[in-house]
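One chain, chain A, appears in both complexes that follow, with chain B as partner in the first and chain C in the second.
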Partner chain A sequence: MFLIGHGISVRSDLPIPEWLFGWAATMVLVVSFVALAVLWPEPRLQKPTWRPLPGGIGRGLASRPVEIICGAIGIFLFGLTIYAGLRGTESTTANFAPIFIYVIFWLGLVPLSVLFGDVFRAFNPWRAIGRAVAWVARTAGRTELPAPLEYPAWLGRWPAAVGIFAFATMELVASNGDKPDSLAVAALAYSAVTFIGMALYGVDRWIDRGEAFSVYFNLFSRLSVVETREGEVGLRRPLSGLPRLESLPGTVALISVMIGSVSFDGFTGKRPWNSISPDIAQFFQDLGLSPQNALEATFTLGLIGGVLFVAGFYWLGVLGARSVGGGFSARRLAHEFAHTLVPIALAYVAAHYFTLLLFQGQGILYLISDPLGKGSDIFGTADTQIDYTLIGANATWYWQVAFVVAGHVAALMLAHDRALALYEDKRQAVRSQYWMLAVMVGFTSLALWLLSSANT
Partner chain B sequence: MSRNQRIGLIVAAVLVAVLAFVIASPGDDDEGDQAAQTTTTPQAETETETSPTETESSPTETEAEAPAPTKAVVTGIEIRAGEVVGGPAEIRVTHGDRVLLTVTSDAPDDIHLHGYDIEKKVAPGQPAKFRFIAELEGEFEIESHVAEDAGRDPLVGTLIVEPR
Partner chain C sequence: MIFQIAHAGHWLTSIAYFLPVVAFLIWLAVTQFRERRSRNDS
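Here is the complex of A and B:
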């Protein structure tokens, strides 16, 4: 084995014991059964309420000075990451770049988005640079910039799906994916792609549809009660943000990548994968690949398999829902229910990675004092150690189960509400829900199984 | 269905959940036994001797019942020609156990136990002795820094600490 998988985690969670796994899986079924009976008979989430924060706070939070400060912080952190990656030590855990990218940015922004709304939009360095460049060009040239190209309708969220898949490959497959300099180079290459996209289609259009991380964190922020609307921050009813997700091509693909990549990360610790992967790697070696490349090819195959499995399972549910009638095409149904998978994706990320964020995230304390890992001590925190006693195995298991079940419940509510809005016939709405319910129970059970000691 | 019926159904579901949880959750006794049996690993020579507890290890937060006594776990990892004899070791202990892990190698090396963050030098004829109380739960990697610097797989073993 070469260094592959989660290069930054030197501690991993113990698997959930089988009894707790069985109990939690049973609970998911009970919850689903009760949900079918007690959920509301009229759609409630489709027309959201939104109220600005009182006292002008909402307007202040979304004002130009705040935007500029947040953007500047984002650009500074981006620059520091690139600098540390290129100039710092090559040790993964002693360099600012890998921990910041994989833990603080990739994992830390998820709970922040769910709690406080689309935080990344404010701090997004690419958006800030794009807007600054546009402002400078307008001011210096004293003319309006030429209008950007029309964003092709068929492109939808496909660039974001491809971007997140590439990031997952970097994280889970590439053997140098945890090396600071490779990460810095990858970040620069991604920046180039983003700047080209923004130049072609306009800053905000590319950020909304094509820029992978903006789209990714925006999906999670739709679970938040905080929403910025027309330059003002306000509050909305829980879960009312997701039903307004525009149905665009590539959305199902993006969410499949999100769930599929986490599933694959969990699956690599399971017996079925560990018994089959050496054979696949051997096959690639026989084709003439080096052992390391053969392993990377094997993991790429596994990652693609995970994504296809998730997408296929969702489409199966959609085809089932179509069979109850109502005259909707499978494509239409797939898009109408895509948003209901977002809480499930969140549950996967939360249950799999919250201890990684909790423990490895503490690394940022010593890294801000010594970002290059070369012995500086800027804030006097360079000697801080990671406190692994924060949470024990038992508490971890209960949190994992709680995340998974909560995600399942939220998904059920969203699907139920959408079905009521979509079908004129109430009985058809309920019958279509049997299929969606099967999909969600499937995903939730898979999440629990991946976390459990069953069949490891 | 009326509002009260809905609430009643939810209450019933919660009761079922609690009851199922109580029935499903195992007593601590068999958990403790299980952990003691699995201490022997095929790769590393492991001797387990039970001795009365005298460590200052803190009890876990969950059970109030008397926990199984902590053990002393003596185990070893042998590195020969850059490879772990028998493959990377899997060392299973229970929270609070006192562990003595001896790493021997036929070449100079730096061995790092993550999480507990103990780093020891090892050389031919000079084994590295890791002595600690297993108070952090989870799976922790034991790595060779020489292998890591050489671009080989640095993993020499995994320490698995299960809750009591």
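Here is the complex of A and C:
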């Protein structure tokens, strides 16, 4: 006879157990894979398709006055965030800075990028300041500015990967990561690094490759049907933006950081982490660290572990795909399929954080009236309360499953299309995708397990 | 005799999530092994 200790906590009234949703999601992926193999015989997403919005709307949206207005709004919000962080209350929820940075900016811009394209590029305060300074210097000096240094090819998207990792460390590891003044100082420090990068390599080059948030939101914007090209906003075929992602060093690392950091955030709520982390923290304490530093070291180790796990699992799929032949190196395959991880990253972010955005995002309503948290009521909304009844636990779970499945099906489509373009033999192309399917199933199972109430 | 497994419910549920991945990877490895063997035999 077996006595199983503790019940398994589940959401109430789900028609089937949570883990069975994982199996169903796997079935959806397998059926999608078969359907792609049968119904999608030629690559369709590799060729760029784009047409401008009709009636001059595209040119108007991307015009210089709109660019200046958007840039000014970005600079104002950035300035307000810094000011609120330095001069406002130290309460995390009553100060504009933490909610704006972690919820409105970090999470809210993700769906906006997917829906409307690279929105952050228009509002990016660092880009706006950089371009304004360059314009003033050109006008005042009445000469062209000296040419910037050539951006080293080996650097690729590595600065962005490091930047996003640093932000994740601030969010998930640093004990003072939610303190308004710490956030303001971190934002100023990051600004200094960004301005140096722009001064060395040029504003647009650094924004495209090195500036972490520009690269991060640009990746998500490639899922959008909206794209700005040569000063004009237009529309493209769904998913056709990602295959055009330039294969650069650091891209896999960047997306691994994106998925790994979200995974680690979910993992910290699980029993295995809560069992093992005190022992790791004790180990660091025995080495002489203070309890707080030991805990931060433990979480840093966990975050690195999450990133390495995601990268390792992707490389497992790549090595498997290489084993079916075709003559491609593992490195080449890793680069060729890196863009397929972007919808997975989106699925992870959407599924893990959409309730946070939905609930804490409402906080901006009272914060715009009282950004410093000192009792002002500029717009008369300072007394607004967060409505936690917007969505229930079961509905949340269904949305999470939907996000995860949709993201991984999109990833499968991208991988299938790239394989058709890459391999001369179509059969080999499909066989190589068995391994990518395994990767997708693995990431799906991991996502749903992290979201579930199992082992919490 | 009574076997008492504390927290087994948690672990069993967690394992259930990852069974499809494990099953899929095993199937892939076996298929690839068989294909290689049949190629070598021929």
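Following the convention adopted for this analysis, the second predicted complex is superposed on the first by the 418 of 456 C-alpha atoms of A that agree within 3 Å, B and C clash if a C-alpha of one lies under 4 Å from a C-alpha of the other, contacts with A are read in each partner's own complex, and residues count from 1 in each chain.
Following the convention adopted for this analysis, a contact is a pair of C-beta atoms (placed from the backbone, for glycine too) under 8 Å apart; a residue touches a chain by one contact, two chains touch by 3 or more.
Here the structure is a predicted model, which means the values were calculated and not measured.
In the superposed pair of complexes, A:Thr26 makes contact with chain B and with chain C alike. When both complexes are overlaid on chain A, the residue A:Tyr388 reaches chain B alone and has no touch with chain C.
Once the two complexes are laid over each other on the shared chain, residue contacts for A:Gly320 go to chain C alone; chain B is not touched.
In the superposition on chain A, contact is made by A:Arg271 with chain C only, not with chain B. Looking at the shared chain after the overlay, A:Tyr434 reaches chain C, while chain B stays out of its contact range. Of the two partner chains placed by superposition, only chain C is touched by A:Leu448; chain B is not.
Of the two partner chains, neither chain B nor chain C is touched by A:Ile101.
Across the two superposed structures, the residue set of chain A contacted by chain B and also by chain C is 1-3, 17, 19, 22-23, 26. Those residues of chain A whose C-beta lies close enough to touch chain B in the complex are 1-3, 10-14, 17, 19-20, 22-23, 26-27, 30-31, 34, 37-38, 355, 385-386, 388-389, 392-396.
Only residues 1, 6, 9-10, 13, 16-17, 20-21, 24-26, 60-62, 95, 114-115, 117, 135-141, 143, 153-155, 160-163 of chain B touch chain A when the two sit together in their complex. Note for the complex: chain C touches chain A at residues 1-14, 16-21, 24-25, 28, 31-32.
Contacts from chain A toward chain C in the complex involve residues 1-8, 17-19, 22-23, 26, 271, 320, 323-324, 434-435, 437-438, 441-442, 445-446, 448-449, 452, 454-455.
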